[in-house]
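What follows is a pair of complexes built around chain A, which joins chain B in one and chain C in the other.
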Partner chain A sequence: MSEERGVRPYRRAIATEAARELASPSGLAVAGVFYLMVTAVLSGLWATAASANGGEIVGYSATALVWYIATAEAATVSLPLRLIEEVGDDIASGRVTSELLRPISVLPMRIAVRIGAFLPRLAVCVVGGVGFAWLIGGSPPDALALALAAPSLLLAVGISLVAQHAFAGMAFWIADAKGAWFLWSKLVFVLGGMLLPLEVLPDTMATVAKALPFMAMAYAPARLASGHVEPWLLLVQVFWLVVACWVSSSVFRAGERRLVQEGA
Partner chain B sequence: MARHLALDVAGLARRFTTGRRRDRRTIDAVRGITFDVHAGERLAFIGPNGAGKSTSIKMLTGILQPSAGSATVLGLVPWEQRRALSRRIGTLFGQRSQLWTELTPRASYRMLGAVFGLDDALLDRRIGELGELFDAVELFEQPVRTQSLGQRMRCELAACMLHEPELLFLDEPTIGLDLLGKQRFRDLLVRLNTELGTTVFLTSHDVADIEHVAHRAIVVNHGAIISDASVASMRQTLFATKRVDVGLERAADPIAISAVLGDGVQVTAPSDSLLRLDVDTNVRPIREVLDLVLETLPVADLTVLDPPLEQVIGEIYERPA
Partner chain C sequence: MRALGRTWAGAWAEVWANRRGFWFQVSVMIVNDVIWIVFWYLFFDRVGEVRGWDIDDLIILFAILTTSAGVVLGGMANVRRLSALAIDGGLDAVLTLPTATLPHLLVRRVETPSIGDLLFGIVLFVVLGDPTPTRVLVFLFGVVCAVMILLGFLVAIGSLGFFVGRNEGSDLGFHALLLFSSYPVDVFGGAVKVFLYTVVPAGFVTSVPAQLVADPDPAMTAAVAAVAAGVLAFGWFTFRTGLRRYTSGAGWTAA
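Up next is the complex of A and B:
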């Protein structure tokens, strides 16, 4: 038997989970329809508000706002809304304990499986979102900014995925953490810039929001896709990804140690 | 040459603390159990709910640290060398699935094989061998969600065997299976043991699992071992009683029937259309009693049952020390 070889198990996990996601196209279709509905409603609202405000809001034109909302929604809809609850349930039910019986770290494997699940969803959202934004809002405000938005979108979903695992890790210590996903989603909706560009918030709140990790999960790619050539946003995202990885691996290490020492 | 020990357990104990501050209390889930298991053995580790079976398995697989005592599994200390041990053992915990329901077992096996470091050629060969052994070549290509529970459990067992474990831990693996599914599963466990030499450590509530699979059974209750004996000897004593429920086409007098059936058969009548026979197979072979029942009674339906585990445990306590 050969030794485990680097990333092969994780690559295989991504491929297997992506195959599973593609094996149930109805789930993908529902996610796509939900995404288009939310994007249509929110971008319609913001485009109307921009028109009523002389054609733009805090520097965003109606077209830029459509591209902003389409991107911010893609970043959030690609992951399950209740991911934190699902991970928490897996910890509380002992599923994570049984994963300790494999010769591989629990958290990276869980992340790999989730990457496999979100990639097809993200692809559906990107195809649908680009089509929608082009049709409703017009051509993208800036081609270079849109090119930067592509890796930024991947980073945004990645940061959200890893950070939600860190947050869900509280289930190692708290028996009932079911409501945590609700708090998380509201933070991303407002402070992450999913519902609105952060510049719309009052100055102090906008400054605080831009210093928090939630901005890296929706605002950053949306800001780029809306025509702002600000490559430093990618660096900020890389920073938050590193922080999220460190925190989540620390939480899971401590949680696993607790499981083994004290039982589920 | 003496076979080496697969498990060597001495004084293993686990205490849990529950509640907060004033309500705090301790529970001794496992109270200093000592036993060993030789390589190639098929051991049943049985007891009622809350007896300490699952806690013991968790300690022996390394996912729970004991409060006291020691254990080596395949020469490794489980809670200190869990990852090394996981490459050498297989685990199947009840209904907890390792397979992706939307995919075929083969797709899941490719992922699990990568986790255990099997290269693709070796993995394909292994899947082929297990398909033959489990008579499941076609089953491995069928999405799991379309399979019956019995078929799925065969595929789950194959998943545990991909990396050729030397020792298999099974926690209530037949729970929920129908009679035929249980029998096929038991046969598979015996084949894995006889053909591949895999040591089997099985927990179950089902006395028939123990009778059909195990060489030896350890009975635990309240966290302690209350019996450690060969299944052959238990068959002579604890498993000797078989219950036969006879559905009748018309009412019959149990006293008269008791006289007809003779010694070793205790007859009760829970209802007019049901007779319950408790047969001591040390006195009367079960086949002889069944033949007599079919010849002399208006039988509409007939079921042979093993004694419930609780009854077996009750008898262990009643035996003189």
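Up next is the complex of A and C:
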């Protein structure tokens, strides 16, 4: 019963935020159009490259590449690009300090609010992405792999969300996380496989990239959606989600302690 | 002109006041740009030439894009806020000044990270762009045209805020232009290519000037200059027309 009470505020926050997002269809439409634009550009680039190379690049056909890009983009575009900056600003401006006064944990509530915001966006991207990939690339390369890609996509956005909060937590100490999102996004773009399948990287770099958490945020669901039945990718994602939760809660606990001791 | 120069100098002094922050943000943007170049090297290393484009052409395209975007988004940063200023009634203070409204607005704010783009673009061309005298001249011409097109387009879509109120399309148009300008236009085909030479003139921002640097062509040079002048004039006209519909926000801001 007490557990029910403990979870209820977060469920409410998710539902309220999702309703707020749905109440702004023009915002969702803009997010959807932006997603389609990025997907069209990158899948056009890779499909052209594949056709210039005998129809295949590092084991990906043109169709597989379209599904890869559509999925990787959905995982990335569903969250605000400047999430790290927004969280950092909230810490630096003292908004987080006022949240400490509430009888509820700051980090889980913030995550819950963001989950509510990203779910409708993710749904728009998935619907648009599946339609686009089917229309431009053709039917999915493997139905089972595509089915595995669905939970993988949710895990990818979840890991990204929690990990970005951990990264933004640096604002507890340096007071300005501006610009940090640039670096984060580029790490996800290249080492996370958002712009290109990791197999395109030189061997050593690809091995390193596959050992880093960024691969769980874009590459994993995209690899599955492109027809590779590799269920172990889901286990890797669960591992990185646990790590991200542990790191972010540690960072926020330490940061909140610092605010309480020193004052905002 | 002197007033504009002083205003611009003031905007630069504002960002320069926090030098550590200035260099940090510039450095972050340069790292960001370097990562893009790394991506393109990896891409062309794996796939070779794509529809006549290789890494050398891409270097020029990227140098033109970052230099021109650095000038517009760094040196005239308010261009991205035009829509919000128009909708929120944020132009009151500017309208009382004895200077032309649009130029004053544009030079009033400098955005530090984009200065990193500007520096990166120049260095990229000098180091990897094979800067012979002819190529330098054509590169500069391409940058000037790209600046005119970016500026005209962003002013035009920002000014739509005067007409339609809430203007999410402005942000979308901005992202579309920069996104499509980041890739060789020949990657796309058919209707998309026509779209990129007309509605969102991304083809004229980077692809055509980059091709001119590699292979100068008087007719194409004249065409790019004409398009740049046309887009800039369109932006100016849209702002002037929209400004007549502006209503005060009863707020006094520094824009």
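Quick note on the criterion: the second predicted complex is superposed on the first by the 260 of 264 C-alpha atoms of A that agree within 3 Å, B and C clash if a C-alpha of one lies under 4 Å from a C-alpha of the other, contacts with A are read in each partner's own complex, and residues count from 1 in each chain.
Quick note on the criterion: a contact is a pair of C-beta atoms (placed from the backbone, for glycine too) under 8 Å apart; a residue touches a chain by one contact, two chains touch by 3 or more.
Just so you know, these numbers come straight off a predicted model, no measurement behind them.
Undergrad: Could you say whether A:49 touches chain B, chain C, both of them, or neither, answering first, second, both or neither?
TA: Touch partner of A:49: chain C, not chain B.
Undergrad: Kindly classify A:41 by the partners it touches after superposition: chain B alone (first), chain C alone (second), both, or neither?
TA: second
Undergrad: After the superposition on A, what does A:98 contact: first (chain B), second (chain C), both or neither?
TA: first
Undergrad: Using the touch definition from the top, say if A:183 reaches chain B (first), chain C (second), both or neither.
TA: second
Undergrad: Please give the residue numbers of chain A that touch chain C in the complex, ascending.
TA: 26-27, 30, 33-34, 37-38, 40-41, 44-45, 48-49, 52-53, 57-58, 176, 178-180, 182-183, 186, 189-190, 195-196, 200-202
Undergrad: Quick one: which bits of chain B touch chain A in the complex? Just the residue numbers, please.
TA: Contacts found on chain B: 14, 16, 55, 58, 61-65, 79, 82-84, 86-87, 89, 91, 93, 96, 100, 102-103, 107-108, 110-111, 114-119, 122, 143, 163-164.
Undergrad: Give the list of chain C residues in touch with chain A in this complex.
TA: Going through chain C, the ones touching chain A are 21, 24-25, 28-29, 31-32, 35-36, 38-39, 42-43, 46-51, 113, 166, 168-169, 171-172, 175-176, 179-180, 183, 187-188, 192.
Undergrad: Contact residues on chain A for chain B in the complex?
TA: 1-5, 8-9, 11-13, 15-17, 19-20, 23-24, 95, 97-98, 100-104, 109, 259-263
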